[in-house]
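In what follows, structures are represented as structure tokens.
You will see chain A twice below: alongside chain B first, and alongside chain C after that.
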Partner chain A sequence: MLEFITRSLDASMIFTLAALGELIGQRSGILNVGVEGVMLFGATLGFIVAQTTGSYVLGFLTAVLIGGIIGLLHAAFSVVLGGDQVVSGMGIWIVGFGLTTYIGSPYTGPLGMERIPAVLGVSPFFFVGVLLVLITWFVLQKTSLGLAIRSVGENPAVAEVSGIKVARLRILCETVAGMLMGLAGAVYALNYNPVWNYNFLMGWGFIALALVFFSMWNPWFLLGGALLFGTMWQLSLNPEMVLPGVLSRYIWRTVPFIVTSIALVLMSTPWFRTRWGAARPQALGLPYEKD
Partner chain B sequence: MKIGKNEFKLEKRTSLSGWQATSIAVLAVLMTLFLFGFIFLQAGISPGMAYREIFSYAFANKHGLPLTLNRFIFLLFTTYAFILPARAGLWNIGMTGQMYAGALSAFAVLYAFGAQQSKSLELSAGLVIPLMVLASMLGGLVIGAIAGYFKGKFDTNEIVLTMMLNFILFWLVSFMIKEGGLFMNPGGRGESFELPPSVYAPLIGGVPFTGLVAVLIGFALEFLFDRTQLGYQIKAFGKSPRAARYAGIDTFKIPFMVFLLGGAIAGLAGYHYFAAVPGVYKIARNYGQFGDLAFYGIICGLISQSNPLASMPVALLFGGLSIGGRFVQGKLHMAFGVDYALLGVLMITLVAFQFFYRYRIVRVSLDEEDGHA
Partner chain C sequence: MTQEEKSQPVLSARGITKRFPGVVANDGIDFDIRPGEIHAILGENGAGKTTLMNILFGLYQPDEGEIYIHGEKVEFKSPLDAIEHGIGMVHQHRKLVEAHTVLENIVLGHPHAGTILNLRRAEQEVRKLCEEYGFKVDFRAKVWQLSEGEKQMVEILKALYRGAKILILDEPTSALTPVETRLLLDSVQAMAKKDLAIVPFITHKLPIVLEISDRVTVLRKGKVVARLETRHATEKSLAREMVGRDVLFRVERQEVEPGKPVLEVEDLVVQSDKGFLAVEGVSFTIREGEIFGLAGVSGNGQQELVEALAGLRKPVSGRIVLDGVDVTHLPPLERWKTGLGYIPADRIHMGSIGDFTLVENVLLNYYFDQEYNRGGILDYRKARQMTEQLIEEFNVATPGPDVLGRNLSGGNLQKVILARVLSRRPRLVIADLPSQGLDVGATEFVRNKLVEAKVNGAAVLLISEDLDEILDISDWVAPIYEGRFMGIVPAAEAEREKIGVMMAGYNAEGVAQ
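This part shows the complex of A and B:
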């Protein structure tokens, strides 16, 4: 049972990191539906570098770096060229899925390194995740930078008039967002499940994307949602821990996706939107062009 | 940017003629082939030789050509499933799940006739095959309709929802064909029972009849988009859902219909690959790879600019490239996933080329400008 709890916490932190990145980007008005693609890149390249160099640090740095580069490209496409963010995001996902399958396949198999030691019984990424949530909340809500980010996501034209460099800020946010998603991928491939396999994520990134909608763009709600979904994911992998012999293990695997779908639908009902819909950044996904 | 006496400026396009769209698409494909060449270079293989192998296997080899045609048919169905919602400005990335639902439904018909008990069962092809085809369409339709219903009713994010359905259906297929599932092969190899030869899909010139169906659907869609009121409404909704509402268009009906129809067509892809392609005739253990192939539909749809007729040559080309790519991968001992890499490279080029759909580069002679000033 204790192992189940620590595994659930580990899983939750992967959701937290990826979704936190997406939240920061969305707060500045940029939608990236390719979270899963960025995670695949971070996970695969991080895995390869860690395995070839034998250094976890280099592996994580690679993942953060590649995530940042993808975020930067997505931001450049969206902000500078005014392209369709959904097209670019879908592109990131398909590119990530296609290329990492090819790049990673010679490395199929276990990482073969000593496990990252636990701190106080849980993985160190638990503390990293909670700390980053705290920092993100503080920056977004308590600093002038956060105010600028939020205003850019709500109404870029007004923000621009008040002296904020919209393009620069959006690029910055989306780059940080990509770094966090890359890190999330590496936490998966280097710590949570250190075995490379073709298309191993199977939906983590898309659930992280949905989590941002569920969080009402609030980092603390996001953490709560991630803990819930992390536990649920872990339960779907090891149903015998809690309910032995009930339903096939394949049916259990569908549970996180069914719950996500139901939550997504509930959140889009008029009943919900009229009460809490205002939390959504108003300029989300819309290209902004300076007059 | 200034070069000599000329200045090059970016100008936003207001419209794009069919000819311009075609030339951009052709350029994008050529660019992809160029970039994809680097994958071979990196593996120490001459791209020229690799392409010769790919194209000769895919289009001129008696083993390769049928594979190419069957994949072409599969890609066409999934492309249509993407195009229908795309015309209405919506993203269907659920063709994978819809395709699985189609396959499961087709096998459910076989199961109902007791086909899982014996491969030598004599079934009436004239009855069972049409039932399987209808069932596969119905299965895909239901999954598509779920996304369409909530999109139309509540404007639920269709990207996340269709993706969730993909994963749900993926695991449902495992549930049905593995570990004692209803459709499990008695041999217990983690795959479904095999189709009795009595209900193998009829072949027309060596190609399953689904090929003819796919081509006909392409023309039907073209007719739908260009000649019918629904087609016009889909287009209007795609331009602006709000304006469409003011114009009296039912903003529930359009998303619902495009996903429902798209899903039904994706369901046919499931029937095609698991019940009509010679040599398969079962839901194979690696069905997930067929599901991944469905994502080529997104790319074919984007390149053909959601034009069903234009998507035919595109699907044929990528069907051939993915088959040929897999062949050279084996022949030249490359790493697994050459066809996946192609998918990735294509998408990079496509996103980059979105730029050309929006902008054009114009040349302004500085002399002239001075003259005017």
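This part shows the complex of A and C:
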């Protein structure tokens, strides 16, 4: 049972890190539907570097770096070129899926390094995740930078005439977003399940993406949602641990996706939009051009 | 500030020129403004006001010309540069984040807001400004909860808080109620007394220019055509400079004997998109030869009422009778066939299709007529002939009927929409904000056409935020406030002050409803 809880926490933190990145990007108005792709890059390159050099630190740094670069590219496409963010995001996922499969397949198999030691019985990423949630919330709600980020996501024209550099801020946010997604991928491949395999992420990035909508763009709700999804995911892997004999693991495995689908459908209803709609950054997904 | 400083311009622009492909938007514009002065810039749409404003605020860079602040040459690469040189801008389309609070909007981008936001200090400082100039606004309210007048106040406060010495006001009184306009003009004068320089950019409201400004610069086609002291100007002289010809100010109102009722509305209740009741039980009748003016600030249920009448929104309850036929549950097309003519407020998105030619745009109101539709096949040749005729009759400036809708200016597009609606000789014309955003000439044209329709026996429902427009041509005036009529007043008794008060939610006796 204790193992089940710690594993659930580990899984939750991967969702948290990736979704937190997406949340930061979205609050600045940039939608990146390719979270899965960024995570795949981070995970695969982090895995290869860690295995080759034998250093976890280098592995994680590589993941953060590659995530940042992809975030920057996505931002450049969306902000500088004013491209369609969904197209770019889908591109990231497709390229990520294909390229990491190609690069990673020679490394198929276990990482073969000593496990990262636990701190107070849980993985250190639990503390990293919670701390980052706290920092993100504080920056967004309590600082001038956060107000600027939120304003850019709500109405970039307003931010512009208030003397804020819209493009620069959005690029910054999306780069940080990519770094967090890359890190999330590496936490999966180096800590949670240190084995490289074909399509090992199995849609975690998409759940993280949905989680952002689910969270109403609030970092604390996001943490709550991530804990919920992480637990459900873990449950789907070994349901017999908690509820012996109830449904097969394959049915349990669909639960996070079903919950996500239902949540997203509910959120797209007029009822929801009139009641809660104000939470969505109004300029989300829209390129900003000076008029 | 010494007398000498006061007589020196705080800002001067010299030879500002800005070209866009195919057009010189600003052509060698000179003007200056002194502290404590109210210097209005007047011009029709397309005269280059917006371009000049954007240059002064650093959104555009001029191709030629210089800007001086206190005699020193400056270059604005972005709004930030302009703000840092003491320029504040109050936009016509408010630049505020609707989901944020008033205070968050005011401190956004302020260099001394603190890395960690110090909203309490900001609140104290802004409160002081409020006391100084007589503003009242709830700092904790979200902007979307505010009225237009309050939003404008927030923009002014934001500019003042950033230390603006020169305040640019874009169409400051559009969308304000008469009461709010009064408040604004008072605070503008209070600001001028404190040596702020104020530059209102105005298209329509000439009386306001005459009332508050010290000097006027008139732009036409990108050039300065007149520069005068306001005390030497009259409404007529300003309009002549703006348009380049004499303008009839008052559209001739024509009295006709009203005929049978055309539109009868009984106890109509309509819901808004957000789920609350936007129209709460209105009843009225419009007869042949009458213009019924609906006066109100936007967002008081006009939109929902019009949509219900046009068949675009299902009413919750009530009855709509058009020309003796109960159309309450009929779809829009049946209503058109019964004699409805609808001129939507949003001429670009609802009134026309930008990628359609004028012929196709005209067909949008004719495609269902047997004359143009033979068993589903459209008679384009005939439609083209009609369009050509309408272009001539309605004076549309266009190279021909095959031009795309989006290539027309707002005024010409409105003429096309007017032409296709009125040429059907509808029994009821719903004209929703028909002259919004049009210049003096086009406005005059639109109003004349509505009067002509009335004289020809149509019933006209005119929705406008411009009280003068309503008072000029309506036979009945119904001020609407939060979904209810505050009364239905015959034109002879509709005094400006009285209607203005009713628009703010009081009945004809001045009792709050």
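Worth a mention:
In this section, the second predicted complex is superposed on the first by the 291 of 291 C-alpha atoms of A that agree within 3 Å, B and C clash if a C-alpha of one lies under 4 Å from a C-alpha of the other, contacts with A are read in each partner's own complex, and residues count from 1 in each chain.
Assume a contact is a pair of C-beta atoms (placed from the backbone, for glycine too) under 8 Å apart; a residue touches a chain by one contact, two chains touch by 3 or more.
For clarity, every value in this text was computed on a predicted model and none was experimentally measured.
Annotation: superposed three-chain arrangement on chain A; chain B versus chain C shows no clash, the two fitting side by side. Contacts of A:Thr260 after superposition: chain B is touched, whereas chain C is not reached. Judged by the touch definition given at the top, the superposed model places A:Thr52 against neither chain B nor chain C. In the superposition on chain A, contact of A:Thr269 is made with chain B only, not with chain C. In the superposition on chain A, A:Arg150 makes contact with chain C only, while chain B stays out of contact range. Looking at the shared chain after the overlay, A:Phe213 reaches chain B, while chain C stays out of its contact range. Once the two complexes are laid over each other on the shared chain, residue contacts for A:Thr101 go to chain B alone; chain C is not touched. Contacts of A:Lys142 after superposition on the shared chain: chain C is touched, whereas chain B is not. Of the two partner chains placed by the overlay, only chain B lies in contact with A:Gly91; chain C stays clear of it. Shortest separation of chain B and chain C in the overlay equals 6 Å (C-alpha atoms, whole Å).
Taken together, the two complexes place residues 270 of chain A in contact with chain B and also with chain C. Listing the residues of chain B that touch chain A in their complex gives 39, 91, 93, 150, 154-157, 159-161, 163-165, 167-168, 171-172, 174-175, 178-179, 181, 288, 292, 295, 298-299, 302, 335-338, 340-345, 347-348, 350-351, 354-355, 358-359.
Residues 57, 59, 78-80, 83-84, 89, 91, 95-100, 104-105, 107-110, 113-117, 144, 158, 273-275 of chain C touch chain A in their complex. On chain A, the positions that touch chain B within their shared complex are 33, 77, 81-84, 86-88, 90-91, 94-99, 101-103, 105-106, 198-199, 202-203, 206, 209-210, 213, 248-251, 253-254, 257-258, 260-261, 264-265, 268-270.
Partner chain C is touched in their complex by these residues of chain A: 142-148, 150-151, 154-155, 157-165, 270, 274, 278, 282, 290.
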